[in-house]
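Presented sequentially are two complexes of subunit A, the first with subunit B as partner and the second with subunit C.
Right after this comes the complex of A and B.
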């Protein structure tokens, strides 16, 4: 309970700072904060499925891409809020359709299948766009950065609250049982297929909306970019660095990742991916439970 | 009163008949033993009852309701739970959390966390694991993990509990304690048990009735004394 209230205070301070930030008028900082909120939202949503059930998805970007595409198609003809809602809905419905077959396989097969599926969807949409004679779509009249930032912040907060809620709910306990041993979970009455599907769909909706907001920020849709697998890899990296044993892990991971990226990009752009790779290996080897695991240990000692 | 009614159950894996035309009934509140050498079909029979294995023919009825074809989680919520011969603890969470999930999702369907916690603690108490509640399940000894299997089955609120070799690998002292625990549970919780056991002493001591299987074929059914004197059983066991 004590750590929960410390986390709550830290969260409120962080949120207050995040809300004040646009008032400074420093677009550079708001841009960084936008990225931060985006990665928190993506990694947190990923952890609802992958950290809780142990079904590690390497294709989470597919939902961002679907959301972005929906917004690219509907913006201009629909109000923006409806467009974004539609993006989340489309991502959720896609998850519902692909979830049943995909969630039948486990372990490395699931990892590879999700990756392959994301690439498949990307290429299908590239083909559709090529067939339509569209190589990229420009978005006109996208809202200013400050408004987009607040929407992204709202998404990050919403998914974090949802993640905390799920972790302490009956659903969360069922998902953890599935992660620990699926046959045993089923034998004690956990409806494993239904729960996995619920987690899969829940984890897809937010990235769908995030993808839409990302698109408005770049104001330009290109399938290869919207479905870039590096986004999926980054999500997994942040979950590993931050740790996914608690809802604060993805937040710590996103902070570490975004701050490091900013530093490295500015000073050693040519070493960026190399240093990031080394860091990932070091974390997997020496800090398997991530930054939040380190904090847990420190608190346990006090 | 019959709690479980098995009629004409057969199951083949490839060309091998794991169960052929098995029929029997289990009385409510009794302990029903299954005996037979390795490969006799005991665990397969548990799988058929608990829903992990679909029989080729035959039916399983629990309190007159046919449950053949239902999923394991549905069967659990109807009131049957099983343990696994090779233990399957939720190793990365605490012993108490292991049983809380059972209490939340099983037949008892405790709705609040407090209710589930209470039911879970009671189940741990019943198998003598209360002291280990906050320990990680993966850190328990084998004997502890076997007890946890039983506690998790109990916490579901099942009326019929299938115990698959819960005494294998235990020391004689631990077996003695397990036998005590089971006979106590049967009365205090008014449970019906089915028991697969290689520890013959314990099986004879606990069971009201025993079914002997040989390569999936039922060869004898009766009280422990009748089984011990049955010629067919003696022939299969001692040649």
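Right after this comes the complex of A and C.
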């Protein structure tokens, strides 16, 4: 209970700081904060399915890409809010369709299948765009950075609240049971397939909207970039660095990753990927439960 | 401990020297981001080399002429990892945090397009270079300009006219699925039909293609007069190597991007003699007195020929900026005014912008002729006559 209240206070302070930031008028800082919120939203949504059930998805970007594509298609003809809602809806529906077959395999097969599916959807959209004679799409009159930032912040907060809620709900306990022993869970009456599917769909909606907002930020859609697998890899990296034992893990992971890469790429453009790689290896070897695990230990000692 | 004191005094001395240099003339800082890693990394050197060559030349001549005062030039650069979203952040950083005096352009169409809104918002002018898409015209004119003459609709029409003039009756088209290739194809196909040139093969292939044997066999079966390969660098190399193995016989063979690289002829040698490609610059065009010296200087510094597309466009973009700053100084609005209205004297001849586009440089085609890149179309700029490809 004590940890929860510390987290709550820290969360409120953080949110207040995040809300004040646009008033400073420093575009560069708002840009960084936008990225932070984006990665928090993506990693948090990923952990609803993957950290809780142990089904590690390497294709989370597919929902961002689908959301981005929906916004690219509908922007201009629909109001922006509707466009973003549509992006979330499309991502959720795709998760439903993809989830039914995909969630029947486990372990490395699930990892490979999610990765492969993301690539498949990317190539299908490349083909559709080619067929339509559209090679890339420009978005005009995208809202200014400050508005996009507030939307992204809202998404990050929403998905964090949802993650906390899921962890303390019956659904969450069911998901953890699946992670610990799926057969045993099924035997005692946990509706494993339904729960996994609910988690998969819930984990897809937010990234769909995030993808749409990301698109508005760069104002340029090209399938290969919208479905960039590096986004999926980064999500998993942040989850590892942050630790996935609690809802604060993805937040810590996103902070560590974004701030570190912000510090590194400006100073060591050539070395920065190498340094990040070494840090990741060190984390897996020595801090397997991530930053959040470190904090837990410290609190336990006190 | 003693080492530390020594080090300290060294640092202090260096600081004094640096300060005195700075006092003499404050450098003009030019920021840009480049795709040093990621998908486009292999294209970065041709552009960075040209930027560095320009900087050397300007600094050797006493510095950049800023409305009458000469000031040395230095670059502030970052790696965008070939990712437009990173480039957007980097240019915001360059403008808002690093407070650079001027901006140079990144590599690739997507990144140019992604930057256009940032430049308008900060009212910061930037002369573009390596971007080619009909979409460029959709950008509201203002703070970005494109010196390229490789705009897909013009390329499609000019290529068809060029082929018609060489009596081509049939053509096979192989195209990468990436945007520039597809855009050109969408304009080329109707233009060929208009000129009565039949299309015997029309196939797309993925960007990471490793084997073109099946496609080339298909081409050989229809024996077309022309083989048009709308390729990106990696597949340009692949195509040339496999076309030789399979003995493509067409007298007119075009490869889209990559054939202008210095390494293309180094790797493929004689076999790519008489290959046609897209480009609007040749060192041998005597009407452009700056062309040959640029070629020589580049070759002397980097020991390879400049890329007739990217190196040239990169260099031109800084020449344009240089001439605008000489007149307007560093005031952003005055630079914008100057770039929009002046006529510039570049290594590619005169350049003048109408809206976002270069309205002077014609859409042209190059041919590799005995180790040299020659302009073969249109007649107004050509340096040599087109020669049919007779073998590999």
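Criterion: the second predicted complex is superposed on the first by the 302 of 302 C-alpha atoms of A that agree within 3 Å, B and C clash if a C-alpha of one lies under 4 Å from a C-alpha of the other, contacts with A are read in each partner's own complex, and residues count from 1 in each chain.
One rule holds in what follows: contacts are C-beta pairs under 8 Å (C-beta built on N, C-alpha and C of every residue); 3 or more make two chains touch, one makes a residue touch a chain.
Values in this document were obtained by computation on a predicted structure and should not be read as measured data.
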| item | value |
| --- | --- |
| Contacts of A:191 with subunit B and subunit C, given as first, second, both or neither | first |
| Contacts of A:180 with subunit B and subunit C, given as first, second, both or neither | first |
| Partner chain(s) touched by A:126 [first = subunit B, second = subunit C, both, neither] | second |
| Contacts of A:108 with subunit B and subunit C, given as first, second, both or neither | neither |
| Touching partner for A:136 - first (subunit B), second (subunit C), both, neither | second |
| Dominant contact partner of subunit A by residue count, subunit C or subunit B | C |
| Doubly contacted subunit A residues - partners subunit C and subunit B | none |
| Contacting residues of subunit A [partner subunit B, same complex] | 170, 173-174, 176-177, 179-181, 183-192 |
| For the subunit A and subunit C complex, residues of the former touching the latter | 26-28, 31-32, 35, 123, 126-127, 130, 133, 135-136, 138, 140, 142, 144, 214, 217-220, 222, 224-225, 228, 265-266, 269-270, 272-273 |
| Touching residues (chain side subunit C, partner subunit A) in the complex | 36-37, 39, 77-79, 83-85, 88-89, 92-93, 96-97, 109-110, 113-114, 116-117, 121, 133, 135, 138-139, 177-180, 182-183, 186, 204, 206-207 |
| Complex contact set, residues of subunit B against subunit A | 50, 52, 71-74, 76-77, 81-82, 84, 88-93, 97, 100-102, 104-107, 113, 152-153, 155-156 |
